[in-house]
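What follows is a pair of complexes built around chain A, which joins chain B in one and chain C in the other.
And then the complex of A and B:
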């Protein structure tokens, strides 16, 4: 019996009439190989700006996957098409983890911008991302001179991020979940063999070196568009890195909103977020995800409408 | 081999899934399921890599997101006991779409954690299932006393106990004795699966979930079955270390090989005495 290709093709899309958006699975080539992407669109007329949602690094890709979906759908309901995708080495992509690096993240995101720009009815593209995805979104927006970028608790200093990333291995050893080397030995392994196993993530020397070298404040040498920086914090104040990032955007001539969303579990943003309580497992990020999505949609509506009402084409 | 991304309608929601289609006519279909919270590709692409390895052997594979997870629609803030029944229904919807699209009548299910329980629940209802692989399946539910103790994990007393190796060993021994029993549902799924399918439980060395109490419970369930059905069950412990979280590259590779090998074997070696799917079941 032949494979029912047409039957599968009909299932590539769905429409959520209650919420007001539709989604379509795409099989694009990003970063030089095949992968899977989802294009979310409003059911009504689209606004003139669409967004590429850049995912984070390593396990944060998994832990933030539902966050990314919530953002995409909330933005679509507000009128903005959003493309989310699996970069090479992640999810359903063709290649494996040995291909992951800062370069691969940037190439995937840049290709995704080109893909979204070519979709019917889309005039202008911006980028968004959480944690390391926020860094990628900001760099791509600056390099491609995109008019809008939204980042949520973005990584600003790659060296610090990589240090923390490697330390998670050591914490896991202390907790007794993995056996292996200390940080110094791991770094030596990275140097001599070109790769290391960080709690199951294949970290290559190339990825480590590239990411350690990036400092978002230095990287953003030009961006004159509109930016959103969202801090997820326990208190009322954003971290100093995000304050510097917002100031950096403004110094380049950009409009930048720095917003703080308070959450008791702010430090766990990007980590595993299901906790066992009485007779149930609870998603501790459920409300936070929606709050960030709502805040971002409001920001986009406010600034996109203002930009296009002023007759600008939004190019940064 | 190629892949199709689809949304499967299910009770007003749409479940995201990837169908891996082998070259040539598929010999069968495998469904890969995750535990709570992980998307269809699973951590470190473990299910994506497994699907492709199985696909190379001429078997179609589907990996799916439960409702409220990954790219599926729906919202899941809390996951309760009744959610498991919903997951079973979701898996069956995805499975039926896959079987229709691939034109196959024999399927194998593999699930991690919660997915292992869901796989057994589905298998016990579907005679088309010829094999189930459960990775770290939670079979023994904690007793009420142990549940209360687990809530006290962050207390000062618990910290003192954790910091002292001798105290820790003594207390752990006592806690192991307080573990609960398999529920009547698990017993029904276990015997229902073995009535017509192979069953593989996969653990890693040092996985805390594989306790002496759990082995006793499994042995008790097996003892009630005829030899022919007992022979369909296999417990495999991978020497590479704990499987929880797939937190090493070696463990990921060993898991992928073990699950792929099991799926291929289910379609290659006939199961003696297994019921052939009836027309009504189809």
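And then the complex of A and C:
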């Protein structure tokens, strides 16, 4: 049977006329190997700034995928193209999970910035990301001197993130949800075999060591653009780590908005967030995701318009 | 007991971590009897490290250190004392 190439070609794009965005499915080379990416664009007038959406690590990549989609589409409807992708070791990328590291995340994101910069109608590129993806977005924005970065509950200290990552099994045991956490055993496995399974994610010793060594405050020495830091909390106060991050941005001469989005299930951000009732499976973060996306689009509209009205080209 | 440490811990747990809202958290309230879940403990660890500028290690991760605000305060004080001792030894 002949392959209907024209038909297949049509499937490379998806248009939502009612919402006002179109998505194109790409097969780029990022991080030295093939992978898949989705470029969301506005159906209406496009603004000159586009964003690369950096995904998070391990299970957070899965748990935040719906969030990433909401962000990309909402930003597109507001006029900002967004590129999201599967980094090497994730999803439909060519390489395996053992290749995942801080370096792989940074390389993939940097290549994605270059890819997006070459797309028609895009003058300037910024980065965005949640949790570990936020750390990646901020580091790439600083290293590449990008003008805009948006982060949601970003990881600021790699060492703390990795220790918490390993301790999740222990905490679950204390809370009575699993038995036999065996953190010592897990760390020994990581040390002796060079890798360990953590909640279904293959964490390598290389990734553990690399991520443990990064401190975002030391990586931002060059960022002088415009930043958004979003804290997701039950109460009205952002965590001390995010307060320090925002102060760090400002000390460098950057403009930084620190916003708090209050949600009763704030602790679930980046974690499993579905609840099964008798009738249906409910995404407990559906509304929160949209609220974060709306806040981010509003931030981008405010600052991008101000930057370009001032006649700046946006480079930091 | 250090009142400031206890106040900060109690306020954070009450505002951010309780599985069921409305419970009054005193320094002796048992936290591990369903008051905080595993995601809450994760956030609590991050809060302690960021707020008090200490680093917890694997040996600190025993349930006894997390049973009550009083136990948490003891953990923070030991870490702060350890940090001060280490600074004076190197300085």
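The working rule: the second predicted complex is superposed on the first by the 302 of 316 C-alpha atoms of A that agree within 3 Å, B and C clash if a C-alpha of one lies under 4 Å from a C-alpha of the other, contacts with A are read in each partner's own complex, and residues count from 1 in each chain.
Criterion: a contact is a pair of C-beta atoms (placed from the backbone, for glycine too) under 8 Å apart; a residue touches a chain by one contact, two chains touch by 3 or more.
It should be emphasised that the depicted structure is a prediction, and the values quoted were computed from it without experimental measurement.
Enquirer: Taking the superposition as given, does A:240 touch the first partner, chain B, the second, chain C, both, or neither?
Expert: In the superposition, A:240 contacts chain C only.
Enquirer: Touching A:222 in the superposition: chain B (first), chain C (second), both, neither?
Expert: Neither partner.
Enquirer: Return first, second, both or neither, reflecting whether A:145 touches chain B, chain C, both chains, or no partner chain.
Expert: neither
Enquirer: One more residue to check, A:275. First (chain B), second (chain C), both or neither?
Expert: It touches nothing on chain B or chain C.
Enquirer: Have a look at where A:266 lands relative to chain B and chain C in the superposition and call it first, second, both or neither.
Expert: second
Enquirer: For the overlaid complexes, name the partner, chain B or chain C, with more touching residues on chain A.
Expert: It is B that touches the greater number of chain A residues.
Enquirer: On chain A, which stretch or stretches are contacted by chain B in one complex as well as by chain C in the other?
Expert: Residues 172, 177 of chain A touch both chain B and chain C.
Enquirer: Considering only the defined contacts, which chain B positions touch chain A in the complex?
Expert: Touching chain A: residues 3-9, 14, 16, 18-19, 21, 25-26, 36-41, 43-45, 48-49, 68-71, 73, 75-81, 97, 100-103, 241-242, 244-252 of chain B.
Enquirer: Mind listing the chain C positions that touch chain A in their complex?
Expert: Residue list for chain C touching chain A: 15-17, 21, 32, 36-43, 45-47, 49-51, 55-58, 61, 63, 66.
Enquirer: Looking at the complex, which residues from chain A come into contact with chain C?
Expert: Residues in contact with chain C: 157, 159-160, 163-164, 167-168, 170-172, 174-175, 177, 183-184, 187, 233-235, 237, 239-241, 244, 264, 266-268, 271.
Enquirer: Quick check on the complex: what are the chain A residues that touch chain B?
Expert: 1-5, 7-9, 11-14, 16, 23, 25, 27, 36, 38, 59, 62, 65-66, 69, 86, 89-93, 96-97, 172, 177-180, 197, 199-202, 272-274, 279-283, 286-287
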